[in-house]
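Following: one structure in structure tokens, then a few remarks.
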Amino acid sequence: MNPLTRDPITVESLLRVVQSPERGGTCVFLGTVRNDGDVTGIEYSAYDEMAVAEITRMLDEARERWPEARVALQHRLGLIPLGEASIAIAAAAPHRADAFAACRYVIEEVKRRLPIWKKELHTDGTATWVDPSGKTVAGGLRDR
Amino acid sequence: MNPLTRDPITVESLLRVVQSPERGGTCVFLGTVRNDGDVTGIEYSAYDEMAVAEITRMLDEARERWPEARVALQHRLGLIPLGEASIAIAAAAPHRADAFAACRYVIEEVKRRLPIWKKELHTDGTATWVDPSGKTVAGGLRDR
Amino acid sequence: MAQVTVRFFARYAELTGCDTAAVAVPAAATVNDVLDRVRETVPGARSLPPRPLAALNLRQVKLDTRVKDGDEVALLPPLSGG
Amino acid sequence: MAQVTVRFFARYAELTGCDTAAVAVPAAATVNDVLDRVRETVPGARSLPPRPLAALNLRQVKLDTRVKDGDEVALLPPLSGG
């Protein structure tokens, strides 16, 4: 499964990768495009080669920490409408504590490490880059 | 949505109940019938009226603790084959920490409080009641 | 006297051979008194553990909880939902 | 001398007007030296923050990390994946 996709994400495809009769607990995280006021959609872009490398490293780290767990991740790129998923992570394990922990680990690492950026598109036609440190900056303008 | 069902559980039906453009993070837990040696399937039975009442109370508690989160739960009853889901919980919230916490809270309460029982069916035709305290007891036999 | 409905589930229903029993206990009786009465009147109930999990009117309760006329007491084997 | 490819992403690509630039730096130069060279040769790069996030060959690195011939340096705006 390609970890980066431009198509809608389906939870089932991730579940198929991680689930097995030996792994009785599965934790899934879905991040969906949120309506922050006047946002109509979000354009996601990535440093593709590095994003793929980071995802591989994160999943390897999860495997080392929770050897019985199996984790899969898919991040969608391009224009994503309100309410649709930008990311899905599925972690299956024999015991639920491991499934929750592995899933949570991966989403926290995604937020910290994945070279992916979002540009919010507004109803008035403007666009702003999202800076999770709190500031948003209009597309194309200088640093403020 | 009926919280108890005899049909296969679909994650989508739970997602539809909890997701909205204001809630950007969704955590799902799936419990599936695990292959413990020679188990071919598990027969789930419930004290239906109390199970429904407990589920309502758990979801009310989750709403009180995480007012911005929305949580849904479905437990399947009857004979469930290996690998299929016996329970699904979905929690959506504006922020992922709340979605994870609410989902985890509900599955822990389910394990602690829900009046549901499982009987493992074995390849040799025998059946054993599952006692999570560790002992399993053959169906119909006296306490040991 | 209080008339109480007792329900048996899962393995306890197998042990007693019944799903429901009606018992009469004195006013101010407890769930434990109901349980004692059940052991006297339902032959298979003698195999129930000494202190099973119990619910009163759809809520788990301690065995010293008082019952009243028309209550429903349920005897619950160790829970294994999820 | 080391020939290094520099890549710009998201808002930084908008600021500089380019996706990629090739710069030459002395042997034993650091990512920070690459950044200084970029500011001299790419006009829009003067608007980059003083200490942007950087990656060297697909891994995040500190700005004092050494580069070598053929390396790929990427300048990354604040990450917002997920």
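In this document, chain identifiers A, B, C and D correspond to the written order of the chains, with residue numbering beginning at 1 in each.
FYI, a residue touches a chain if its C-beta (ideal position, glycine included) is under 8 Å from a C-beta of that chain, and two chains touch if they have at least 3 such contacts.
As the structure is a prediction and not an experimental result, all values here were calculated from the model.
S.K.: Identify the chains in contact with chain B as well as chain C, in label order.
M.R.: Touching chain B and chain C alike: no chains returned.
S.K.: Which chain is most remote from chain B in terms of Cα centres?
M.R.: Following the centroid criterion, the farthest chain would be D.
S.K.: Any idea how many Å lie between the Cα centroids of chain A and chain C?
M.R.: That gives a centre separation of 50 Å.
S.K.: Give, as an integer number of Å, the spacing between the C-alpha centres of chain D and chain A.
M.R.: Chain A and chain D have C-alpha centres separated by 25 Å.
S.K.: On chain D, where are the residues touching two or more other chains?
M.R.: As it turns out, chain D has no residue touching two or more other chains.
S.K.: Among all residues of chain A, which ones touch two or more of the remaining chains?
M.R.: 31, 107
S.K.: Report the complete set of touching chain pairs.
M.R.: A-B, A-D, B-C
S.K.: Sort out for me which residues of chain A touch chain B in the complex.
M.R.: 11-12, 15, 19-35, 82-83, 94, 96, 99-100, 103-104, 107
S.K.: Under the touch definition given earlier, write down the residues of chain D that touch chain A in their complex.
M.R.: It is residues 7, 9-11, 14-15, 47-49, 55, 58-60, 74, 76-82 of chain D that touch chain A.
S.K.: Given the complex with chain D, which residues does chain A contribute to the contact?
M.R.: 31, 44-47, 49-51, 53-54, 75, 86-87, 107, 110-119, 129-133, 137, 139-140, 142-143
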